[in-house]
Amino acid sequence: MKQIYLDYSATTPTRKEVLAEALPYFNEKFGNPSSFHSTGLVAKKAMSEARAKIAEILHAAPEEVIFTGSGTESINLALKGIAFCAMLEGKKGVFITQKTEHHAVFETLEWLEKLGFEVINAKIDEFGVIDLADLRALLEENKGNVLLVSIMYANNEIGTIQPIREIADICHEYEVIMHTDACQGAEYLNLNTEDLGVDMMTLNGSKVYAFKGTGLLFKKNNVKIEPLIHGGAHEGGMRAGTENVAGIVAFAKALEIAEKEKKKESARLSKLRDYMIKKIQKEIPNTLLNGDAKKRLPNNVNISFEGVEGESILLRLNEKGIRVSTGSACSSQSLDPSHVLLGIGRPHGLAHGSIRFSLGHDTTKKQIDYTIKELKGIIKFLREISPVWEKNDWKRKIKK
Amino acid sequence: MKQIYLDYSATTPTRKEVLAEALPYFNEKFGNPSSFHSTGLVAKKAMSEARAKIAEILHAAPEEVIFTGSGTESINLALKGIAFCAMLEGKKGVFITQKTEHHAVFETLEWLEKLGFEVINAKIDEFGVIDLADLRALLEENKGNVLLVSIMYANNEIGTIQPIREIADICHEYEVIMHTDACQGAEYLNLNTEDLGVDMMTLNGSKVYAFKGTGLLFKKNNVKIEPLIHGGAHEGGMRAGTENVAGIVAFAKALEIAEKEKKKESARLSKLRDYMIKKIQKEIPNTLLNGDAKKRLPNNVNISFEGVEGESILLRLNEKGIRVSTGSACSSQSLDPSHVLLGIGRPHGLAHGSIRFSLGHDTTKKQIDYTIKELKGIIKFLREISPVWEKNDWKRKIKK
Amino acid sequence: MEGGDWFYTGAVKEHFMKPKNFYKNDKEVKNFDGYGRVGNVKCGDLMEMWIKIKDDKIKDVKWKTFGCASAIASTSMLSVMLKEKGGMRLEKALKLTGKDIMDRLGGLPAIKIHCSVLGDQALRAAIYDYKMKSGRTDLKVDKPAEFDEHAH
Amino acid sequence: MEGGDWFYTGAVKEHFMKPKNFYKNDKEVKNFDGYGRVGNVKCGDLMEMWIKIKDDKIKDVKWKTFGCASAIASTSMLSVMLKEKGGMRLEKALKLTGKDIMDRLGGLPAIKIHCSVLGDQALRAAIYDYKMKSGRTDLKVDKPAEFDEHAH
């Protein structure tokens, strides 16, 4: 049975061209970039070129690109970097964010709360889009006290795209630094940081057909942060440790390809996405699209199926070779329903019954058709054995 | 010109068998271990098996192995993990270490000093071996206040091996937790944590023929630390972020091979090492071995050449295809002489004139002979153009 | 548990993919003697159970479950356990624990254990319902905490 | 600067691997007119320079250097600059800066710049020595900060 992978938002395979570009750095050009001899300098050169390539894509200076060991580390570096900087000056302060951020943002902020920082969530609407007026009000209310605003570029579960430029502009009116977690946006959205106006931005390799365990933080030169990992002058003193040269080379190659294919691939997938949403809603009754229909990642389809529970759908699809996700991969091991779906106001029943299909490079219309055919049967059966399908009334309440 | 790589302590190439084992996890078995579907579970299984393999080598429980993105991160996790734990309880305290630790340890501790923690160096002798009586005295003096003792297993520059078991025993007499940075020891020394008695231990992949950008922290279950990177339940909640599955698989394979070949390879290299030291000292006058002749890594030769400066030796050897290092790779970009050599009391002149040859898997006697032949000519020439070779008297003072 | 390319054991998979004795329509349970319902949608697990009693033995079982694979599988497995060997005696059925079901499933991941516990609770609720309807006050079963008077 | 498999420029490499005009023995500098020594072993860079003056021009230069590749290369390059085109006029030599040497080397990494600066200091020390010995008090050169009376 061929696998139909519809979980590209959880992670992507490494593309062949990307792996090929990186392979020599494992054993042929394996030097430590900090070494002074030729073997080291060859590695250093590869790293510098990768950095320059990415800087060009981001419209940034090379030294504004800090390579990290994951998207999560990059986020921790941005948020704690600002917090520790304040702490060393004997200050605390306020972080503004919103409810549908990735665990990496909200758990980091939860931890900073324990250290005495304050965290405030700006309001979002039922599609997960930030309320700009509320953000402005919060900035006004906490004037002089806000250390950072962190709002994700695109949501990993429901694909909602935030108005990053507008958010950055408002932050800058109040002279507040803005960070965005762009892990899910990199493949499809504009990464020009001049256009976006952000001060810091997180990307990772595992979502762009590069390596797991790679990430980066774009940080404008004028933004002062403390390092998260000490121990050497690597990455401009911002992230110590022997650099993952192969991973960095792969990351640059992958972003380069993404940039080249962005327009075409986004158009292709947006069409597939809309086709899939429409067809599911037509063929399966009592479903609900989560997230915004338009301000949405080209590859994201997130749907709640009334009366059934997500894991059961996931595992039955899995038996048909179809790989999908309930909420984010990170939370699959948790029993709580997705904080994102609860965050946009979905009742628990619907939050428990959601499936994220995330499309990607290898996704075809044929795969989508096959998936929907199988899905239809699965939902039908699970509803048949579900005690909430006919009896409960929450399903009627939420219908629009 | 064939390259003679004598800088294995800076980094190692990935071994063919190791790369082969890891390659499928880039695109064939590329799933996110947190994903619930089969593609995810296949990756999870590989990771679990890697963890179990390593746990067996360390004589630890699988959940006592926390994978990180480098040795440096592992060290930061151990040290800051303890510090933040204390901070959240409203406490500060003392860290005990010694002067020849890797930058990852001493720069992390320097940073913790800024946050209000105290750092004390235990005395070492001229070979870099810790003074156990002094350690005990410090523990006695600071009774009830010491949060952690961190002493490296083997030094990366001069190869000195510390009496880890004795250190751990003394720490435990005072009920103090002990961490060891074993990045340089993994290939050659006993990694059985029951034998060593340590509570935490750092290893990394880039020194054991696995991947750069991989590391781990062994942490006994009863040791409580705060995570360094928040954002998910990965690694038992101790290190969030999508796991570097390929890197983890590679790490386990590499440690497995190391364990198998440890005895034989240590014997082979010890012999080569002693041959090299003897031959250099015989053929080149006015040299000085740095570190202990016996309590020494099998692959480390570190020698000061009077009257010449290390970088010049390094670059002239490089022209002959020979790759060596002055001090640690990390500090190559710094003008200060090695903190390790100054730490064991070498005068600046000799500290500036040191070269580390670190042997490894591909090193042969023929390579050593060729290296010494070239080295001899290079030292001769550099001394000819050196103003300190005949005139200065520091060189005589230090001779023994 | 982390062993293969499936999260659960083979038995869980079997009972999840091909559940036994699940409720198909009202006619099936028309002459049943007890009914129980536990859990709620908020927690992500909800179960209904119908039992038919004869000679103090459980002669038939039907169920419905909203929940994850382990919830569905454990209810299915419970129904098999109750019906096998001519039907389980009520006395014994009342002693059944979540662990018994779990053991038959070959174990469950720690985080999922609460699901299988729901099965024995649904059973107890159904037996309590039977006790009330039949006047079998000798049956040692208390009113379930979540017992919904109106549903019965 | 991070461009290749060598840390420095081609010119640095050339002058480091094949340094020009370095001191070979005392006889060579017997009739030289000025001597300077700057730097110290502690900092990792130390330089000696001997100059021969004729008609206010530097006719010959010899040097010794303890230091990194850029220190050796920059002294070598300086010696070439001083001797070329029939020898540099003292006046012009006194205006030489570290940057001039660096430019001829095609640049140096920021962290290494201080090394090349040592070359012009050694030269100045040597010219000061010549000034003292020859009574050429018109030469605009001050006593070097590190001037070692006993060494001269």
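Chains: A, B, C and D, in written order; residue numbering restarts at 1 for each.
In the analysis below, a residue touches a chain if its C-beta (ideal position, glycine included) is under 8 Å from a C-beta of that chain, and two chains touch if they have at least 3 such contacts.
This is a predicted model, so every value here is computed, not measured.
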Legend entry - Whole-Å gap separating chain A and chain B, where each centre is the average of the chain's CA atoms: 35
Inset, instruction - Averaging only over C-alpha atoms, locate the centres of chain C and chain D and give their separation in whole Å. - result: 92
Legend entry - chain B-chain C separation of Cα centroids, rounded to whole Å: 57
Legend entry - For chain A paired with chain C, centre-to-centre distance based on mean C-alpha positions, whole Å: 40
Legend entry - Numbers and ranges of chain A residues touching at least 2 other chains: 36, 38, 311, 315, 333-334
Inset, instruction - Could you list which residues of chain D touch at least two other chains? - result: 7
Inset, instruction - Treating touching as the only link between chains, describe the layout with one word: line, ring, star, complete or other. - result: other
Legend entry - In contact (per the touch rule at the top): chain pairs: A-B, A-C, A-D, B-C, B-D
Legend entry - chain B contact footprint on chain A (complex, rising order): 3, 5, 7, 10-16, 19, 26-28, 30-32, 34-40, 68-73, 75-76, 87-88, 102-105, 107-108, 110-111, 114-115, 204, 206, 211-215, 226-234, 240-247, 311, 314-315, 317-318, 323-326, 329-330, 332-334
Legend entry - Partner chain D, residues of chain A touching it in the complex: 36, 38, 41-42, 44-45, 48
Inset, instruction - Within their complex, state which residues of chain D touch chain B. - result: 7, 16-17, 19, 22-24, 37, 41-48, 63-69, 71-72, 111, 114
Legend entry - chain D contact footprint on chain B (complex, rising order): 307-309, 311-312, 315-316, 319, 333-335, 337, 347-349, 352, 384-389, 392, 394
Inset, instruction - Would you pull the chain C residues touching chain B in the complex into a rising list? - result: 2-7
